[in-house]
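Following: one structure in structure tokens, then a few remarks.
Labels for the chains are A, B, C, D, E, F, G, H, I, J, K and L, by order of writing; each one numbers its residues from 1.
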Amino acid sequence: MAEVVKVIELVGESKKDWTDAVSNAVAEACKTLDNVSGVEVCNLTANVDNGRVVEWKANVKVAFKVDNSRRGV
Amino acid sequence: MAEVVKVIELVGESKKDWTDAVSNAVAEACKTLDNVSGVEVCNLTANVDNGRVVEWKANVKVAFKVDNSRRGV
Amino acid sequence: MAEVVKVIELVGESKKDWTDAVSNAVAEACKTLDNVSGVEVCNLTANVDNGRVVEWKANVKVAFKVDNSRRGV
Amino acid sequence: MAEVVKVIELVGESKKDWTDAVSNAVAEACKTLDNVSGVEVCNLTANVDNGRVVEWKANVKVAFKVDNSRRGV
Amino acid sequence: MAEVVKVIELVGESKKDWTDAVSNAVAEACKTLDNVSGVEVCNLTANVDNGRVVEWKANVKVAFKVDNSRRGV
Amino acid sequence: MAEVVKVIELVGESKKDWTDAVSNAVAEACKTLDNVSGVEVCNLTANVDNGRVVEWKANVKVAFKVDNSRRGV
Amino acid sequence: MAEVVKVIELVGESKKDWTDAVSNAVAEACKTLDNVSGVEVCNLTANVDNGRVVEWKANVKVAFKVDNSRRGV
Amino acid sequence: MAEVVKVIELVGESKKDWTDAVSNAVAEACKTLDNVSGVEVCNLTANVDNGRVVEWKANVKVAFKVDNSRRGV
Amino acid sequence: MAEVVKVIELVGESKKDWTDAVSNAVAEACKTLDNVSGVEVCNLTANVDNGRVVEWKANVKVAFKVDNSRRGV
Amino acid sequence: MAEVVKVIELVGESKKDWTDAVSNAVAEACKTLDNVSGVEVCNLTANVDNGRVVEWKANVKVAFKVDNSRRGV
Amino acid sequence: MAEVVKVIELVGESKKDWTDAVSNAVAEACKTLDNVSGVEVCNLTANVDNGRVVEWKANVKVAFKVDNSRRGV
Amino acid sequence: MAEVVKVIELVGESKKDWTDAVSNAVAEACKTLDNVSGVEVCNLTANVDNGRVVEWKANVKVAFKVDNSRRGV
């Protein structure tokens, strides 16, 4: 049976930087999704307060293989 | 724990106009999603019949905070 | 009650060609989703090995009507 | 014989708002085209004069089924 | 006199696949247009019913040379 | 002397709808800019709270003629 | 009655340069269209032969006001 | 102190051609901005009247170094 | 009175990395702008010399609330 | 040593269909490139003559691993 | 054997204008490439110094037929 | 003789982060290319395994001045 991958969209956040924000989004996805295989950046933004960046935000797409033993997406 | 937001894509419809179509999409999302925070328009279309617009359709992305007490997305 | 359509993103794969890859993605979606109405191509790629295309991959968006009897998306 | 749809591009205008501008474009198309089936927004602009919006302009694509009894597009 | 090419937008449909859908759009255009020279794909979609793709739809641009003996486009 | 137009980017907000949000952005610009000639929509979003849209936001570009009597942009 | 503008797509060509290619496209359109108001560049290409550019090609959109006395677009 | 560049958006116009329209936009910017370093084309349009192009318009982004002796942008 | 946000475009630079380049752009903006609320990445480039990246450059949009006590944008 | 992949752009052609056109492009690349790993479609066009598609053309990007034993790209 | 075209990306420069910058890029490509068939503009920029444009830069894609007698791309 | 710059596309990889992935791509290019002047990010992705990002991948364009003493690109 041909493999099917599903893609969901998340926004990860971090006080540190965008690399950490992406890692947070992947970690969150992996809490319930088993076969997460990749991530792609859609957009990079940040919140600013009092003259400084306070929150780095990474809008990403996360891909995971749909497990054929379960029924569909 | 850093916050993670999930983004889903819906198409809202309305007999009235696009503003109403977007409100319908948000209302539908809020039936089961608790922390819906925002909506963004991707595309605006409409069905035409008998020389008049009969259905306004708004393709939107809806963002909601993933509730950390539950496991992942 | 106005109708709402949900859109999910899948990547279908096939050893044959892209048409088959799209059909596989639709078949997978229809395992659990009842009112699948349409599919749109986002991107067409393929894996190459030993000088030949070995896997055709179609990144698609699949649309289905949210069943109002159930609560929301 | 498989159906073919043609797509033309119009700019509708209105003193009221964009919804009305789109309706005007559709009405104009339906003067001579029989099977207009849908409309899609490409761009939304407006003219400003004396500190106020005076003309709402909607750049749209209008789709209509090519009538097979007539010869082609 | 320098040559001018006109570009129109069509949506071809087919029960078979996208290649056939594009051929149908070209055939329709050639019913009335003499110097059709090329076609470009804008978008590939399909209608789904009962768990299967039932209609392959190709949104295309068709280019043809404006015949200078006739007046303009 | 050839005319030059400057383009600035604003985000208008409204409790009512997007048409009103655009009008607010134009009104704000016209407080200090004399020759505002047009506005173009870049993006339409909205804030959601408690299951309802509470703030309609229109990201727009506003164009105004640079007054040659003054020095430059 | 609100004004409606129609937009057609042409490719102008010239042995000289792109400015001339655009002028040729406009001239061709004006042979049969009365109220041509503007032109926008979509794409600039050129044919090359024997190490030199031999044909400058400008893919443009031409806008003209639909004359309300006539029936529709 | 790291250098910061600011980018503004202008529309230059000319009766001659687009190269001249861009030069006019740069000249206007340089009336008040000291360190203009570059310009990028966003869009090329033109006004048409009486069958001929009468005004070439270049929508451009102009970049200039923010002078650190002055406070900010 | 509804709130209006203005968006300006800056290019931040840094010898260290892109995160630092974005922080520099935000710091520069905050020298004169009071209510800076967010930043979005448009483009990431870098200068290379002698086989190594010597300058990381982040093209960003910075958003700030227009202070209603002052007149307009 | 971290792996580096190079991406080149080709246009494959075929009398049959786009799948074959892509295969031709991959075959051509593999004549001299050893580690071709993937291909992505950028654009699908076709030449038309005498009312029929005569040449299917696929504009693709082909990726291959740069062999570290050789010096660079 | 089906024909394959390769596409490379160049930036041509000129003290005169963009048409000349494109011609320079084509001339450079034709020094070593035999079957250059076409060029497409990706981006038009210019360097500014002392209040005037000093260098017109055209970012282009140049297409050439891969000579089948030689091995691959 | 006007200068010509060539642009190639690479994908750099790193176990650390995207900044390092870009540096690896630049280092690889500089093995054989003398006048590398700049790099631009096209896309940022990463491979995920066992719930963690294992490979940061930066799809970039690298620009280098074509050395006029050698023949062409």
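The definition used in the following text is that contacts are C-beta pairs under 8 Å (C-beta built on N, C-alpha and C of every residue); 3 or more make two chains touch, one makes a residue touch a chain.
It should be emphasised that the depicted structure is a prediction, and the values quoted were computed from it without experimental measurement.
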Note: chains that touch chain A and chain I both are L
With centres defined as the mean of Cα atoms, the chain at greatest distance from chain F is chain J
Rounded to the nearest 5 degrees, the rotation mapping the CA atoms of chain F onto those of chain L is 120
Distance between the CA centroids of chain A and chain J (whole Å) is 31
Chain centres from averaged Cα atoms put chain C and chain E apart, in whole Å, by 25
Note: chain G sits from chain C at a C-alpha centroid distance in Å of 39
So chain G residues touching two or more other chains come to 8-9, 30
Contacting chain pairs, sorted by label, are A-B, A-C, A-I, A-L, B-C, B-D, B-F, C-E, C-J, D-E, D-F, D-G, E-G, E-J, F-H, F-I, G-H, G-K, H-I, H-K, I-L, J-K, J-L, K-L
Listed in rising order, chain C residues that touch chain E in their complex are 19, 22-23, 26-27, 30, 36-41, 62
Interface with chain I, chain H side, in the complex: residues 2-9, 61, 63, 66, 71-73
Within their complex, chain F touches chain I through residues 8-15, 20-21, 24-25, 28-33, 59
Chain G residues touching chain K in their complex are 17-18, 43-49, 51-53, 56
